[in-house]
Every structure is written in C-alpha cells, then in structure tokens.
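You will see subunit A twice below: alongside subunit B first, and alongside subunit C after that.
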Partner chain A sequence: MMLKLEKRGQFSRKFSAAVTVIFVAASFLVAGLIFEILGVRAVDVIARLFEVYLSERTLLEAALRGLPLGFAALGLTVAFKMNFWNIGAEGQIYLGMVAATGVVLLHAYYGLVPDFLVLPLMVVLSFLAGGLYCALPAFLKAKLGVNEILPTLMLNYVAYHFVNYLIHGPWRDPKGFGFPLSIVFPPYARLDTVLGHTAYIGVPAAFIIAGLLYGFIMYTPAGFEMRVLGQNYEAARYAGVRIGRTLLLGSLIAGGLAGLGGLTIVAGILGRMRPPSAYVGYGYTAIIIAFLAALNPWLAVPAAVFFGGLLVAGDVIQATLNLPFPAIQILQATIFLMIILGEFFKRYRLRVVI
Partner chain B sequence: MSGPEYLVEMRGIVKKFPNVVANDNVSFTLRPGEVHALLGENGAGKSTLMNILYGIYRPDAGEIWVYGKKVDIRGPRDALALGIGMVHQQFKLIPVHTVAENVILGLREQGFVINERKINNELTQLIQRYGWTISPNSRVWQLSAGEKQQVELLKALYRKVRILILDEPTSVLTPQETVALFQTLRKMASQGLGVVLITHKLEEVFSVADRVTVMRAGRNVATKNVKETNIEELVELMIGRPLLKISSTRSLDTSKPVLEASGLVVLGDKGLEAVRNVSFKLYRGEILGIAGVSGNGQTELLEAIAGLRKIMRGKVLLDGVDITNRHPQKIIDAGVSYIPAEVLRYSAPEMTVAENLVLKAYRNHLFANSLMIRWRDVNRKAEELVKAFRIVTPTITNKVANLSGGNIQRLVLARELGTLPNTKVILAAYPTRGLDIASTEQIHQELVKRAEQGVAVLLVSEELEELMALSDRIMVMYRGEIVGVLRRGEYDVEEIGLMMTGVKRAEVSA
Partner chain C sequence: MIELVESVLVGAVASGTVFLLASLGETVAERAGVLNLGMEGMMIMGASLSYIFTNALGHGWAITAVLLVGAILGLLHALFTVSLRLNQVVVGLAFTVLGLGLSGLLASNEIRGRIILALNPEASPAVIASQEAAKLPPIPIPGLVNIPIIGPMIFSHNILVYISLILAGGLWFILFKTSFGLSLRSVGENPSMADALGVNVFLIRYIAMAICGALGSLAGAYLFIGYQPFWVEGMTQGRGFISLALVILATWNPLRAILGAYLFGGVEALQFRLQLVGVAAQLPYFLLMLPYIVTIVTLTLLSAESVRKRIGVPAALGVPYSRE
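Up next, the complex of A and B:
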C-alpha cells in the first residue's frame, strides 16, 4: 500500500476557507500534543488562550498587541497581491519606530512644532520611513530585475542593528541609568492619550485602512494594475501597465503600513523605544497573518487580533502554568505550518494506492 | 485481432459546473484502430468530455467502460495506467526542462528507474520512427509549437498509451506539421490505437478521421462514418445553417500610410535576429496579410510594433509619428490594438471575464475617471461584448480560467475589437485560432468591416485560404525576411507556398 499525491482541479472559495479553518483547528491539536509532551495539560493551555478573547480587558490587550502585526499584514496583502514577495516587514516596522522616535526626540530637545502636530508628524514620517525602506528593493527589482526576496530579508538585519545602535548609543535616555531605553514619550506623542486606549483608535484605524485598501485594490486603476501584475507579468506588460511605477507605489504602501505598525509599538504599546529584541519577529508573524487572511484586508484585522491574543496568552501561560514564552511560539509556528500545509492540500489530495 | 469492440465507451455522461451544464447525457465510443474526430462549437463540451475520460474531472453521472470493463478514473494517473494519454489544448510542458526531462516527468514517482542513456536512446528511436525533428536534449522553451506538440506525443508514446486524445492539436501547427501529425496518427491507428481528435477544421475530419461525433451545447447530436457524410451536413449539424461567403467592397487610399515600418531588426527569444530588415507600408482600410510558416518572425514583428519587444534597428511610424520602442501604453493609446498569438500568455486567468475585457481599457474615460474604475460601466460593456462575440460564460464574473479555449480567444477578440476607442491599426496574429467555424466567419466579417471603416489590419495567419480571402496584399515572411509581396488578383497558392520556403519572388514590391 502506498500514499500518493495528486493534483486537484478547481477549488471554490468555500472549500478554501473550510480547509483553512480545519487546519488552524488541527494546529491546536498538534501544539496541544507538544504541550502534553512538555508536561503541561494541553486543555489548560488552550483554555487560557480562549479566555483571552472572552474578557474585555484581555481582549483589548490582544487588540493592542495585534496592532503592529495588523498594520504590517495589511501592507503585505498589497505587496503579495502584486506578487512582490516582501519578507521585509520586520525591517520596515523598525524603520517606522525609528522615524516616530526620531520625531519625538527632535521635538523634545529642539521643540520644532506645536505639540499637537507631533503625533500627525510621527504618523506621516513613520509611514514614509517604512515605505521608502520597502521601495528600495522594489526599485532594484524594477530597474535591475533583482528578485526582492533576498534584499527585503537582508534589510531586516540592517534595520535591526541600526535600531540597536541608536538605542544603545545616541538615543539612550541620558537620565536612564545607562539602560538601553529612550526617554518616555510625552502624552502628546502617545496614541493612548487620544481616546484613552491605543486600541480604541488603532483598531478602527486598521479597519478604515482595510476598507481603503479594499477600495484601492478593487476600484482604482492602480489597484487593478497591481492585481494584473500579480496574476501575470506578461499580461501586465501587454496591458500597458507601467510596471516600475506600480511596484514602487505598491511597495510604498506595503512598507508604509508596516512603518505605521512600528509607530503603534513605540507610541502605543511601549510609550518609548526599547531594544529590538523586545519585539523581534513581528514582521514575520505578519506574513502568517496575511496568508491566514487569504490576502483579504478585511480579514487581516481580526486575524491580527487573534495573533495578538496569542501573545497575551503567552504572558498569561508563562505566569500561571510555568511554561517558558517560547511555548507560545510553538503554537504560532504550528499554526503557520498548518496554514502552509492547508494551502498545499487545497491543491493536492492524498490517495491510498494498493 | 479479437477483443472488445470498443476501446472506450462513455454512457450518459453528465458534468455540471456552477451555472453550466458542460456535458448533458453524452455518449461516445472509440474503436481500436480508428481516428475519431470530435466536432462542435466553442463551449460545446468537447474538452470537458475528454478531460473526464482522462480523469481531470469526475462526471456527475454516467459510466465509462474501457476495454469492455467498467472503470472509475479518478485522476490522470488512473487514465495513464489504463493506457489513456492526452495532449491538451494548452501545452503542459515545463519550459526550462529538456525534452527528455519532460517525458520522464512524473514517471519517477511511479517507481520507474531512470536510466538516462537508455531513455535517450529510446526517445531518439521513437523520434526517428515518426520522422520528427526534436532532440531529447533540447530545452522546451526553444521549441516551436509544432515541436512542443511532438514532445507531447512523445510523452504519450513513451508511456505506451493505447488511447490517445488530442485536443485541437493542429490549431498551432503549420500545414506541413499538420500533414506530418496526421501521418503519425494514421500510423498509430494502424497499430490498433484509438485516437480522439478534437478539431474545428472540417477538412481535417475528411483527411484523417474514420468517424466523427458532433457536439452541440453539451449534447452529442450525431456520430457518422466520415465516408458517409460531407462538409455541408457537418456544418448543418454544428451550427444549424450553411456558412456565408465573405465579400467586401472597399477602396484603398494609398496616398499616405497609417503604419510604416522601415528596416526593422528584432531579436527573438533565443537572442538571434528573428526579424531582419523588414520594411512595409500599411494603408488606411487595408488588410495586409503576412504569410509564412509560423516561427519565421511574424509574432516577433507584431510584438515589436506593439512595444513588447525591443526594436534593435529601424523605425515604426504611426500616422507619421515615431512609435519605435515606445512604452506599450503609449502605443495602445495611439490606436494600436494587438491580438496576440498565445492568448493565455496575455490574460489574467484568475480574474473575471469583465476584468479581462477591460485589461487594456481600464484607464479609458469610458470606464474610469482619474480616481476610480466605474465597474458599472465596465459591466454593462462586458455584457454587451459577451453577447456580441458570443462568449459562452454563465456570468461576466466567471474566472477566465473556466472558459473553454475558443471562448478565451473570443474574449481576446472582443477586448481588442470592442473596448479600445479610435483604433487605427489592428495587429492580428492567428485571430481565428481555436475558433469554431461560425465564430471564424464572424471574425472575418468583423475584420473586413473594420477595414471598410478605415482601420488598417496587419493579419498574420498560416491559412492561405484565410489570407487570400481577406487580404488586399500578402507579404510572405521567411526566416525573418520579407521574400515578396503579392497583390489581390495575383494570388497563387503554389507560388506563395514556394515563397514560404524561402524562394524569392522576382519582382519585389513593397
């Protein structure tokens, strides 16, 4: 008896959604098994996780932690739709943090603009910083035909070390007893002072952006060009699409949104800048989220909240069940693997051959 | 030779897709040693029926009997195991692999031990036996359409199939390649294989087939012995009326050319000169045919004019304005529409019929303002074009990948002829490829109508009949060069045929 793989023909959207749901559920089983092996009752872990989404306080926390993931994932839905494999949301998030923090520091020391303009300026500049950081590999692709995967990935390391340098060097709070921390952002530079909680402004903003992205992709000529380009490069050329321009615009949006994600970290979650080790991996998690949402911006927001909940649950589980934080990363990784497996089984079926 | 009467017997096959009944209670038989032609309009359900036999789709109802036994074919592997092979309407080869690699692809997992030398020998033998030109080591992307076809046949032969399905194999072949293919098919039939040949060309039925089955709107309407039928009867069965004759009364204004090419040099995919020093003038209201065996630079010439391939030397003027190497968008906006040879290569298969219809016109003020595409207007136009060009699709939001081959061609024609305003030049490469006879007739009329309205048409075709019926002049291309130009009234099949092999015409006028 043997197992064989066979290509499936067509599959519908319903089938696709069902497979995703089944495989996400299966990832809980697999992760649960691993927890059991680690000597913890899987039911406890999973129960803790679901409790996160049930109480208002922790759900808000989940939404908050999900914001940087969500913004970055929103950007990725655009990039991936035009077949631009941006692995660099991580670095673009860092650049967004740098820009936002830079504005705060400049303002704190030199007082450039009225206080109420600082936050808008942070928004604009963190978007631009992330966007330009993503447009760089897009430019290389458009002009020289360099595949984007390696450059976007490599730029993550550059950004990581850049942030590290800043926070251990020039941007360290002089009154901070030598800890690698920036000054605490003043209230006018913090997102949680706008409506009382960062999630109150962040989640609606994310939904609005999702709506704008959806409209952009479906209704504007530029969005149409991105979809055609993602479908078939030759067809895009034939249709008269300005490919370089399209790549630049799409990557600017993608990186810009990741940059906004960076803003939500420093101006929302932390209220200051910390060494990057505190939030490493968000850009990669955003890739998982974009795929879990099947590149649909509307779904990216709830998917991000779900992943934010995983992070919160990680803390809870660590504290109450005495598991190390990486345990929750096991769950994340299993979900990711299962999504990939699910994508695979949408295209292939297993058959038993005797 | 004794055995079951039928190699294949399909009974009461039903296949439904969302909103479409592609096969509606179809019966079909294939005898050993016969070539069985399958005819029918675009979207009649021919490919679907054969895809069911090859295991790509599973029927919703009906039975399949092979060698007198009822079978359940659950995938191409089952089909291959039963000795059923299929060459698809669109080739399914991997371009970067060699011929041999493509042939053995998929065999490895089936537990075959791969001995490259042995395989190469066997392949070379097969290639020689059928008098083909390919070598096991050439890379597929370097091959012409006819040669790719040979690779597909080679795949089937190497797997020792007894039932071979060919889905519109001749639509991409030169007449010579077609003759060679038919010899191959007869040879296969004489060895007891059963061959199913899907085609739209009635002459082919009479030159190679033993029996013919006609399908219409998902049903089989008749099966005939070829000896006992004739073209008129088949046309009647297929479209329910006789064919019309093309006639045109148009006068040429040769004072000023619309399109003028001088000394064009263009490189092909292999980096060699595919178009060499080509010059011609195309006038308002003229249909200028380009005859030639495909692969002699015709496609490259059109791509270069459309801005999709770099012009190394020479110039293209449109109404006196230089459009050499301009961005494709500029050339589209200047009024050049282009019907490409490989329609799928230039479509977005996962996008909708409506979206593909406006693939070039989405920026046009008819369908968009500076901010938004007005999908309502797009959809209205799409509904109109679907009707006018008889694109068989349940809705305009259907994915293009779900359309039948001929209907994708119809869609491209609708896009190029129906969505671009102020078209001055139509570059048409094999515009009727894959179309059924009624649609072919419609497109011919459409091109003539456009010419009468003053549009200039550059028509590439391999079918001399088509060229001679439509063109005011025919130029013949051979190895990237124009070997001669003939005017209406001087057309002579033999002479054009000779010129297509490179014999220059004494008086060259262009």
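Up next, the complex of A and C:
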C-alpha cells in the first residue's frame, strides 16, 4: 500500500473557505490534545479564549491589541501577493515606533508645528520609516537578486537594537528615574484622544485601508503587475512587468503599513515608547494572520482582532488558570501549521494506491 | 587590559558554542537544500528539556533526551517540507512559534513539577521548585590549558564545547571528503540530477533535518546547562536566528563556522563586559547590530554569480523537490 499525491485542478472559493474553517477548527483539537497531554484542561483554556470575544470590554481590548498586528498583516497581504517574503514586519514596526516617537520628542522640545499637525505628521513619517526599511531588502532583490528572506529577518534585530539604543540613551525620559521609557506622549499626539478609544479610530482605518488595498491590487495596473509577479517571476519578466519598480512600490506599502502598526503601539496602546519585550512577537504573528486571511485584506482585519483576542486571553489564563503566556503561543502555532496543511489539501489530493 | 582581553576571549568561546552547535546543524540542512527557520524553536525546546531532565535524571539523560526530541522535531519539519512540499519559510516560522510556546509551557512551575515527578518519583521538592539546574562541570585539559591565552580560551570549558569542535571537524570531513557528503551536497545543489544518479533525495533530506534538529536542540541544551543554567521564558533571545546568519557568513562551511561563532560570541561577551565597566555605554547596541549587518553585506556579495560558483552556495536551497 502506498500514499500518492495528486494535484487538484482549479478549486472554488467555497471549497477553499471550507478547508480553512475545517483546519482552523482542527487546530483547536490539536492544541487541546497538547494541553491535555500536559495535564491542562483544554476546555478551560479554550473557554477563556472565547469569553474574550463575548464581552464588550475585552472585545475592545482584543481589537486594540490586534491593531499593530492588523496593520502589519495588511502590508503582508501585498508583499506575499507579489511573492516578496517579508519576514521583517517586526523591524518595520519598530521603525514606525521610532519615527512616531521622534516626531513627538522633536515637537516637545523644539515645537516644530502647531499641535494639531503632530499626529498627521506621525502618521506620514511612521509610514515612510517602515516603508523605506522594507524597501531596502527589496532594492537588494531588484538590483542584485539577493533573496529577501534572510535580509528582512536580519533587519529585525538591527531595528531591535536601535530602539534599545535610543530608549536607553538619548530618548530616555530625563525625569524617568533612569527607566528605559520615553516621555509620556501629550494628548494631541495620541490616538485614544481622537474618538475616545484607539480601537474606534484604528479599526475603521484598518477597514478603509483594506478596501483601498483590495481596489489597488485588483483594479490598478500596478496591482496587476504585483499579482503577475507573484504568480511567476519569469513570466512576469517576459510580460514586461517592471519588476524593480513593482517590488519597491509593494515593499514600501508593506513596510509602511507595518510602520503604522508601530504608530498604534506607541501612540495608541502604550502612550510612550518602551523597549520591545520579546524577539518573537508582532512580526511573526502578522504572518500567521496574513495566511489565515488567505492574503485577502478584508479578512485580515477580523483575523487580527481574533489574534488580538488570543493575546488578551493569554493574560486572562495567566491570571485565572495560573498558566504561562506561552500556552497561547501553542494555539498560534497549531493554527499556523493547520492553515499551511490546509493549503496543501487545497492543492493536492491524497490517494491510497494498493 | 590583558585580563579583559582574556576574559572576553574565554567568554567568546563560552557563548559562541551555542551559535556553533546550531549553525553546524543548519549547515547540514542547508547543504541538503532545506532552510530551517525553525531553529529558534528547536533551540529553546532543547533549553527547556535540558532544564527539566537535568533536575529529574541528571546531565546524561538530559542530553540524550534533547538529542532525541530535537531529531524528532527535525523529522517533523522534513515531513512538512520534504514530503508534503510545504513552504519552508512558513513551516519554519511555525516551528519557532511552537517551540517557544511548548518550551514555556513545559518549563512552567506546575507542569515541570509533574514531569520531573513522573521521571523521578524521588525528586526532592527543592529540586522540583528550582529555577536552575546543575551546570556542566568544566574539564580543563591538562597541559594544554596552561598555554597562554589559547589555553584558557579553548581548553578550560565543559565537555560540550570540546564536542562542538570535534563535530565541526567531523562534519567538514563528512561533507567534503566522503561519498555520503557528496550525495548530500548534490541534493542541495541539483536534486533532480542527484535523483537521476540514484541518490535518494528524500531520505537524505530527512537525515539532514534529523541532524539539524538534534544539533539545534543540543545548542539550546548547551545554552542552559553549559552557559547560563537559569530558566527564563524565551531565553534563546533570537540566538537560533543569529545562527542562520552565521551559516551564511561561514559560507556553509563547518570549519569557518567555528571562527564565525566565536566572533559572534566575542561580540556578546564584549558588550556584556563593556556594560559592566560602564565604558562607552551606547557602543554595545551598535556592536550587537554588527553581526546582522555583516550578514546582509555577505548575502549581497554572494549575489555575484562568480562568488557563488567559487564558494558553492547550495543552489536548490529552500526549494521543495518533486519528481514531476
């Protein structure tokens, strides 16, 4: 008896969605199995997770925590669609944090512009900072054919150490008793002051961007070039796609949106800059979200809220079930693995040959 | 001054061995054409298992368990990427997230306690509650350790440091001087050609990933019981990814990996000591960026066709193989 792989032909959207739903459901079973083996009651953990989405207070918190993930994931839908393997969203988020904080500090000390212009300036510059940081490896790929996977990964760490340098050095609050924290952002430089809660402005903004991205990818010549590039590099070249230009534009958008994610962290969640706590964080989770959304920008936003909820649930199970935060990472990982496995079953049929 | 230099050099080897073990594993995988971005997860699994097993059964069992679990993780990665031909980047990152989560859960107080008791019912409550484990004892090599500078730098460490050096030499020999090594490299270079010549591409990639997983986890075990035996969630701190950079710097050569690993270890040791002395407080952050920047520069240089040819970059790296 042998197992054989057979390629499936075209598959419908409905089929694709059904496979994803089945595999995400299965990921809860797999994670639950791991929990049970370790002697943790899986039902408790998963119940805590779903409770997060049922109360308005925690759902809002989930949306808030999901914002940086969502913006970064929106960017990744563009990058991955053109087959640009940006795993540097983490670093691009950090650069967005740096740019936003830089504007606030400059304004606080030198008073550059009227107060009401500070927030728009932060938006523009955090987008540019993240975007250019992502365009750098894209430039290397376009000009010299350097594969982008490792450079984007490496730039995460460069950014990480850069943030730490700033926050332990020149950007540390002089009145902060030596803690590595920036000054607290003034109200006009914060997103929660605009409509009362950061999520109230962030979630609609994310949906608007999703709409724009969808239109851009589906209906503009540049978006078309990106899709062609993603399908087949050689074919794109023969079809006359301006590869360098397309890569640079796409990466600028991808990194820029991650940069906006960084803005939501400092100006929305923390209200100041703090050193990033973990190496594996936003950037990788954003990749999972982009995949869960099947690179569809519309779906990336709810998927981000779902993952924001996972973060909230992580805190809840720590407090109520005395389980460490990594329990939630197991769920993330199994969801990730099952989505990839689902992609496989969309493309192949397993057949038993006797 | 001499003392500072010597302490940095000793520290370079002590912290560099983590990178060396992991990058040796990664070199084998990448030479066979598989990019393992799950290294970070395999490493942290090794660290947490060595913590639990050392407290339950001692160092010997800890290292055995770590090698075994690491190899299994490597084989699982191969199942996804080699047999099911799933994207190596995505699978690797998933393994990293999984490793970080699973290690943290395993090492958390309650679950760790339960595992230790299951392994060794006589374990004392103090051992079960401990956030630390016994460090591997240093074994200075008589005679050699007295050589100025080189002696303490290389010959004053624990057994895993010596094993890592022997492994580097051994893997270099296997990769470049044996027919198995030739087959392995041909699989990473041109799998369909290797297949046509009768090399079992799938089997070799599975073997390479088992070795990669085992050595990656061993690197994590060294990090814990050989270097800083105090459990902190996520304690690998990106060292698995640094090892990936190192593989490129060493241009997929196990012997050059020794130099690179000690260089990276030296940067870590130096910034640590500069921080202690308080000299040039800002400098360490830029020092820490250096390995990554150098890696990007190396990758850029490697993009030139002539350089690639001379060094022998695995051409099929990251590409799943199918016979169709």
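FYI, the second predicted complex is superposed on the first by the 333 of 354 C-alpha atoms of A that agree within 3 Å, B and C clash if a C-alpha of one lies under 4 Å from a C-alpha of the other, contacts with A are read in each partner's own complex, and residues count from 1 in each chain.
One rule holds for everything that comes next: a residue touches a chain if its C-beta (ideal position, glycine included) is under 8 Å from a C-beta of that chain, and two chains touch if they have at least 3 such contacts.
All values derive from a computational prediction rather than experimental measurement.
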| item | value |
| --- | --- |
| Touching partner for A:Gly268 - first (subunit B), second (subunit C), both, neither | neither |
| First (subunit B), second (subunit C), both or neither touched by A:Gln329 | second |
| Touched partner set for A:Phe224, first subunit B, second subunit C, both or neither | first |
| First, second, both or neither for A:Val241, with subunit B first and subunit C second | first |
| Superposition-derived comparison: subunit B or subunit C, residues of subunit A touched | C |
| Which of subunit B and subunit C A:Asn232 touches, first, second, both or neither | first |
| Contacts of A:Gly66 with subunit B and subunit C, given as first, second, both or neither | neither |
| Subunit C-contacting residues of subunit A that also contact subunit B | none |
| Subunit B-touching residues of subunit A, taken from the complex the two chains share | 4, 6-7, 9-10, 219-221, 224, 227-228, 231-232, 234-235, 237-242, 351 |
| Subunit A to subunit C touching residues, read off their complex | 34, 38-40, 85, 87, 137, 140, 144-147, 149-151, 153-155, 157-158, 161-162, 164-165, 168-169, 278-280, 284, 287-288, 291, 322-334, 336-337, 340-341, 343-344 |
| Of all residues in subunit C, those that touch subunit A in their complex | 35, 37, 40, 80, 84-87, 89-91, 93-98, 100-106, 108, 110-111, 114, 233-234, 237-238, 241-242, 244-245, 248, 281-282, 285-286, 288-289, 292-293, 295-296, 299-300, 302-304, 318 |
| Complex interface listing, subunit B residues touching subunit A | 56-57, 74-75, 77, 109, 306, 308, 327-333, 338, 340, 345-351, 355, 359-360, 362-363, 368, 371-373, 375, 402 |
